[in-house]
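The same chain A turns up in both complexes below, where it pairs with chain B and then with chain C.
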Partner chain A sequence: MLELFASQIVNGLAIGQVYALIALGFSLVFGVSNLINFAQGALFMLGAFIAFTGVTTLHLPLVAAAALSVAVMSLLGMLLERLALRPLENAPYIAPVLSTLAISLIVDQLAEIIWSPEGQAFPVPFEEVTYFFGSAYITSTDLLIFGFGAAAAIALTLFLSRSWLGRTLRATAQDRDAAAQLGVRTSNVKRLAFGLAGALGALSGILVALYFKSVFPQMGLPYGLKGFAAALLGGLASTPGAVLGGLLLGIVETLASAYIGEGYRDLVAYTLVLVFLVFRPQGLLGDRRLDALGGLGGAGGAMPSTSVLSSSSSQRKATRVLELPPWGFLAVGLALALLPVATQNAYVLQAVAYAIIFALLVASVTLVSGSLGILSIGHMAFYGVGAYAVGILARNHGWPAEAALLGAAAITAIIAMVAALPLLKLSGHTAALGTLAVGQIGYLVFMTWLDVTRGPMGFIGIPAPRLGLLGGYTLASLTQKFCLIAVVVAVGLALAQRLLNSGIGRVWRGIREDRLAAHAAGLPVRRYILLGFALSGLLAGTAGGLFAYVQSVVSPESFTVSASILLLTLAVLGGLGNLTGAALAGFALTLLPELLRPFAEWRMIAYGVALLLMLRLRPNGLLGAR
Partner chain B sequence: MNTAKPALLSIDAIDVHYGAVQALYGVSLHVNAGEVVSVLGGNASGKSTTLKSVLGLVGPTQGRIVLDGREIQGRAPADVIDLGVASVPEGRRVFPDMSVDENLLLGAYPRRKHKADIAQDLAEVFTTFPRLAERRKQLAGTLSGGEQQMLALGRAWLRRGKLVCIDEPSMGLSPRFVDAVYDVLFRWKAAGQTILLVEQNARIALELADRAYVLQYGHVVLEGNAADLAADAAVQKAYLGAA
Partner chain C sequence: MVHSLPTPGSTQPGLHVQGLSRHFSGVKAVDDVSFDLLPGEILALVGPNGAGKSTLIQLVSGVERPTAGRILLGDVRLDGRGPERIARLGMGRSFQTSRVFPALTVWDSVRLGTQAGLLRGGGTMHKDPGSGHGRLSNPLAEIAGELLGLPGWRRRRAEADARAETALKRFGDRLWPRRDQPAFSLSYANRRRLEIARVLAAEPRYVLLDEPAAGMNPSETAELTDLLLALRAEQPTLGLLVVEHKLSLVRRIADRVVVLNQGRVLATGTPAEALDDPEVVEAYLGRRRTRPAESDAHLG
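Presenting the complex of A and B:
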């Protein structure tokens, strides 16, 4: 019993060490440029694949392949900084974050094209030895990972605290302008940080490849997110914290998987993140001693700001905002509802129906991420709640469509509000991480709550919408469902736009621009944030419900975090806080891939490049951020 | 008025724009070696911008800045600092999450190869500022505003620059600390340090400076010996609070 426990701890430490290395990459970059580098996962995956190519194609010994991978990834890290971030230095704060996201979309897809989307066995050149202590055991790979990870972490800590380069790295992190005035070449320092992040990514990628003896192009996101979570647990910018956070996460999730069940590994991990966000948002080793002086930024003299739209250059460029009035949505919705008159083609109607649903969904994202300024990386969870709720109400309880949709919207609103509770005191990056945890937990609940959702098998047999008010008239055909969707979405968007134009919308934007000032002006900030989440949940739940009606089958794959990330980028493309922009982006970019089906392989690459270009040319979105 | 020897720093008719807004209009000034020169003016007069263009933090759209015979306008801050300039930035800007020791050490970054000299200068700073010696291991962010200003001065001192640029050292400090800061600056002046000082507190700046320039809306409106300016009726009325 005790031996089993000891083995689990050792296992946890080994995988935790890997998380720690990824987390170190995050912390380094976050420290120097105050940026959450979403491309860290992509660097990690590429590192593993370059070592894989080195071993299999070039027939290098593992050590040489690893060295090659580390070298290439350091260069790529620097290149990432040069191409994706340097040009955005004076752009809104959110732009570089999205830029790294775009890069990771491109890299992930490229890897699938180069190395095929399937996982491949990573040849481990040495015989694995297992050491037994009673019934507890430890493998040589565990030892290797642990030893190597620990050595890398210690070397990095010493480098940061003892060397001139490390000192300038930390100084640049804390106050870039002041460091420049002491003669530090801050852009070189930044490049160095990204180079190191690339090297760490490569190292951790290789270790994971050794641990699982395989590589797959989709490995970037899940491990990237775990590293991210580990960095947060440790205290975002703290180096020893990142290591501690990684180990803690590794041990906790290994124990959860051993004693509760394999499916609960991630659920427990992300719940831990959420608990930390509530009770210790600064992380294990993060520091609040400086909060009395206005936090790190305040003490350093930098302008404190919570707005995702403001930038380090003090002037904000005036952008023209293109928006529909509330009735405009109704007009467009009615026009779309007439589409079946023009075509009865099921394929077209189905595609346009999904596009309309996505318009509503992205609008719900922009409500929270744009107007309220809390970047949401978890909205798919709310969409999923709406979908399952309609499934349960309509199939298990036989509710008519009006009641089921309203019920689903209400349930989602309540859940979104509850999910917002832990986020109330957070802003900026930590709030975004909180929504990420919410999104991940939502997905995992759909996966594991078998009694209700049937897990990965999917919830099947959702009946066609039956209108109780029309005496139980059933919308059986696709055409009829299509009209229902167009009308419901148009009404939802019109009401939402009406709200954004009202005093409530103004208060939301005020909270986004300066939360402290909003508090100081006597606004009940928390109540407004909860209201924002509730209304966003209302829209997302409605969208989910409509989705369930068209699909008649709902399964967790539709509600992943990577889809949530995509939603956020759509909201940004349209212009944050701009409902028209969000609806348009959601609509057009859901439809576009259908048109480009022959180029499906290149779709995400094209999308990533489009996002990069837009961040450069129109950082406030296509129709302008509001 | 120019001496035969060329000035250590001369700014020659620079214009500076922030986007569409022009902040400086043909500003010229010079600082001779061993001199303390002060730039005075009210809010938004362009005095900080003048200093920032010397440090390379903003680039002039017109005109030249010559340091020690080399044109430096438009160069990166690190390049300017490398030529022997030290800076005490506006609002102190110490590194809040690093110890007092490390903050001071970073001041010597451009001459980091000279370990022995640095150790000696560090010891000197600690005798000048016993308060900092007591708090060597403390995080700079936890110091009081006055102590942080002392730290910023000590950090600049470790640069051992030919020219020290100081931006509003009295800002946000209690009168007692303002006096303490200027005690240090008087000592630096006595030691022959060349200083370019930007200051809103005209009375104390004119006591320290050899010469001074007065800026208004981005133009130099007055210049001369500090003592003459202190006696000037217009300066007294506008900046020294005389009736």
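Presenting the complex of A and C:
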């Protein structure tokens, strides 16, 4: 019993060491550029694949292939900084974050094209040895990973604390302008940080490939997210913290998987993250010394603001905002509802129906991420709650469509509000991580709560919407469902726009622009944040309910975190806080891929490139951030 | 201690700071400070940089929590309450770094100042805090009022907008013609004015101003001084606490001055008494004054 526990701990330390390396990449970059580099996962995946190619195609010995991979990834890390981030230095704070997201979309898809989407076996050139201590055991791979990981972490710590280059890195992390004044070439330092992040990514990728003896192009996101979580657990800008956070996460999830069940590995890991965010948002080894000056952001800057739309340059440009009045949404919805008159083509109607639902969903994201300024990377969880709720209410309880949709919207609103509770005191990066944890937990609950959701098998047999008010009239055909969708979405968007134009929307934007000033002006900030989440949940839940009615089958695969990330990029594309922009982006980008179906595998690449260009040319979104 | 402590429980109107301290891991930013701000009084808080003036304002407004001591508004304890509650009890404040809502228009920025009062039923914050102070209208009523444009809610909104307009127009042509521009487009001095306008739009009973005249030239400073004097003439019960380096402003408006140095009260009294106290002069200059005070007038 005790031996098993010891083996689990060792196992957890090994995987934790990998998380620690990814987390170190995050904290290095965060330190020097105050940026969460979502491309770290992509660097990690690429590192593994380059080593894979080195071993299999070039027939290099593993050590040489690993060295090649580390070298290439360091260069790619620097290239990433040059191409995706340097041009956005004076752009709104959100732009570089989105830029790294776009890069990871592109890289992940390219990897699928180059190496095929399937997982492949990673040849391990040495025999694995298992050492037994009683009934506890430890493999040579565990030892290798632990040894290499620890050596890399120690080397990095020594580099940062002892070498002059490391000192300039830390100085730049503390105060970029002051370091520049003292003659530190801060742009070189940034390049160095990204190069190191690339090297760390490669190293961790190779170690994971050795651990699982396989590589697959989708491995970037889950490990990237874990590394991000580990970095935050430890305290974002702290190097020893990143290691500690990684090890803690590794041990906790290994124990959860051993004693509760494999399905609970990630559920427990992300719950731990959420608990930490509530009780120790600065992380294990992070500190709050700067809080006396009003926090990192409050200490400097010409114009204090907590907004993700503000930038480090003191100049802000006024942007023109194009948006529909509330009745405009009703008019557009009505026009769309008449589409079946023009065409009865099931394929077209189906595609447009999904596009309309997505318009509502992206609008719900922009309410929280744009107007309230709390970046949400977890909205698919709310969408899923709405979908399952309609499924349960309509199929198991036979509710009519009006009641089921309203019920689902209300349930989602309550769940969104509960999910917002741990986020109330957070802002910026930590709030984004909180929503990420919420999104992951939602997805994992859909996967594991088999009694209710049937997990990966899918929730089937959702009946066609039956309108109780029209004497049980059933909308059996796609045309009829289409009209329902267009009308419900139009009404939802019109009401949301009216709220955004009202005093409530003004308070939301005020909280985004300067939360401290909002507190000091006597505004009940918590109440308005909860209200924002509730209304966003209401819209997302309605969208999910409509989705369930169209699909008649719901499965967790529709509600992944990568889809949530896509939603956020759509909201940014439309212009954060701009409901019209969000609805348009959601609508257009659901339809466009249908038109580009022959080029399916290039779609995400094209989208990533479009996003990068947009961040360069119109950082405030297509229709303007409001 | 200059002021005797009022016996707890007796309702004495005014803001009472009693033995207040705030230590940041060893640094005593504010150390055992006591003073009173009575209704209708203008109190200036002066002292060299790092004396603890801004920290004191952070403590009284609830942004920072004190290490020790009490803050009373009438007989209501303020220490331990959050900044929102303190603001809704009728205490407005401005920040040293003038915190406006940068992307909002000037008009929207000021209207946010009236929102808390609107939620309390349209009343101003002039009433003395009773047992039900800070009670807000229910969020569902607010949503219904905003979405449906209910007449009661529209009337409350119109009253609030009138208060916002009055507050903006106090600054003459400085802000009112720019009301549709985003706050970030304003000059430094205008951002200070905007913040003060937002504070005044809430019609607070007490106002804490942190260096309101920073970044203003002498004529603009004089303009602000006149504005504060006019405000006092209009609202004879308004209590005003001003942190300010410009002694010309302090001398013209302050009834009393509290001088802080290294977190402790160095002197209190009328402006003339306190500012010409040799100890105060030494704290400011690091040496005793050799020239007459009037010769420093050009420094503001």
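We adopt the following convention: the second predicted complex is superposed on the first by the 616 of 626 C-alpha atoms of A that agree within 3 Å, B and C clash if a C-alpha of one lies under 4 Å from a C-alpha of the other, contacts with A are read in each partner's own complex, and residues count from 1 in each chain.
As a working rule, a residue touches a chain if its C-beta (ideal position, glycine included) is under 8 Å from a C-beta of that chain, and two chains touch if they have at least 3 such contacts.
In this text, all values refer to a predicted model and were calculated from it rather than measured experimentally.
Peer 1: Applying the touch criterion given at the start, work out whether A:Ala518 contacts chain B, chain C, both or neither, answering first, second, both or neither.
Peer 2: second
Peer 1: In the superposed arrangement, which partner chain does A:Arg603 touch: chain B (first), chain C (second), both, or neither?
Peer 2: neither
Peer 1: Could you say whether A:Leu531 touches chain B, chain C, both of them, or neither, answering first, second, both or neither?
Peer 2: A:Leu531 contacts chain C only, not chain B.
Peer 1: Is A:Thr168 touching anything from chain B or chain C once the two structures are fitted on A? First, second, both or neither.
Peer 2: first
Peer 1: Is A:Lys425 touching the first partner chain B, the second partner chain C, both, or neither of them?
Peer 2: So A:Lys425 meets neither chain B nor chain C here.
Peer 1: Going by the contact rule set out at the top, does A:Arg395 touch chain B (first), chain C (second), both, or neither?
Peer 2: Neither partner.
Peer 1: Check whether A:Arg506 is in contact with chain B, with chain C, with both or with neither, and answer first, second, both or neither.
Peer 2: Only chain C is touched by A:Arg506; chain B is not.
Peer 1: Which chain A residues contact chain B in one complex and chain C in the other?
Peer 2: Residues common to the chain A contacts of chain C and of chain B are 289, listed in rising order.
Peer 1: Could you please specify the touching residues of chain A with respect to chain C in the complex?
Peer 2: Contacts found on chain A: 289, 292, 294, 298, 303-305, 307, 309-310, 316, 318, 495, 498-499, 502-504, 506-507, 509-510, 513-514, 516-525, 527, 531.
Peer 1: Which of the residues in chain B come into contact with chain A in the complex?
Peer 2: 18-19, 55, 57, 76-78, 81-82, 87, 89-98, 102, 105-107, 109-110, 112, 139, 141-142, 155, 159
Peer 1: In their complex, what parts of chain A are in touch with chain B?
Peer 2: Those residues of chain A that touch chain B are 164, 167-168, 170-171, 174-175, 177-186, 287, 289-290, 293, 296, 299-301, 315.
Peer 1: Quick check on the complex: what are the chain C residues that touch chain A?
Peer 2: Contact set of chain C toward chain A: 24-25, 29, 61, 63, 82-84, 87-88, 93, 95, 97, 99-104, 108-109, 111-113, 115-119, 136, 139, 142-143, 146-147, 157, 181-182, 184-185, 191, 198-199, 202.
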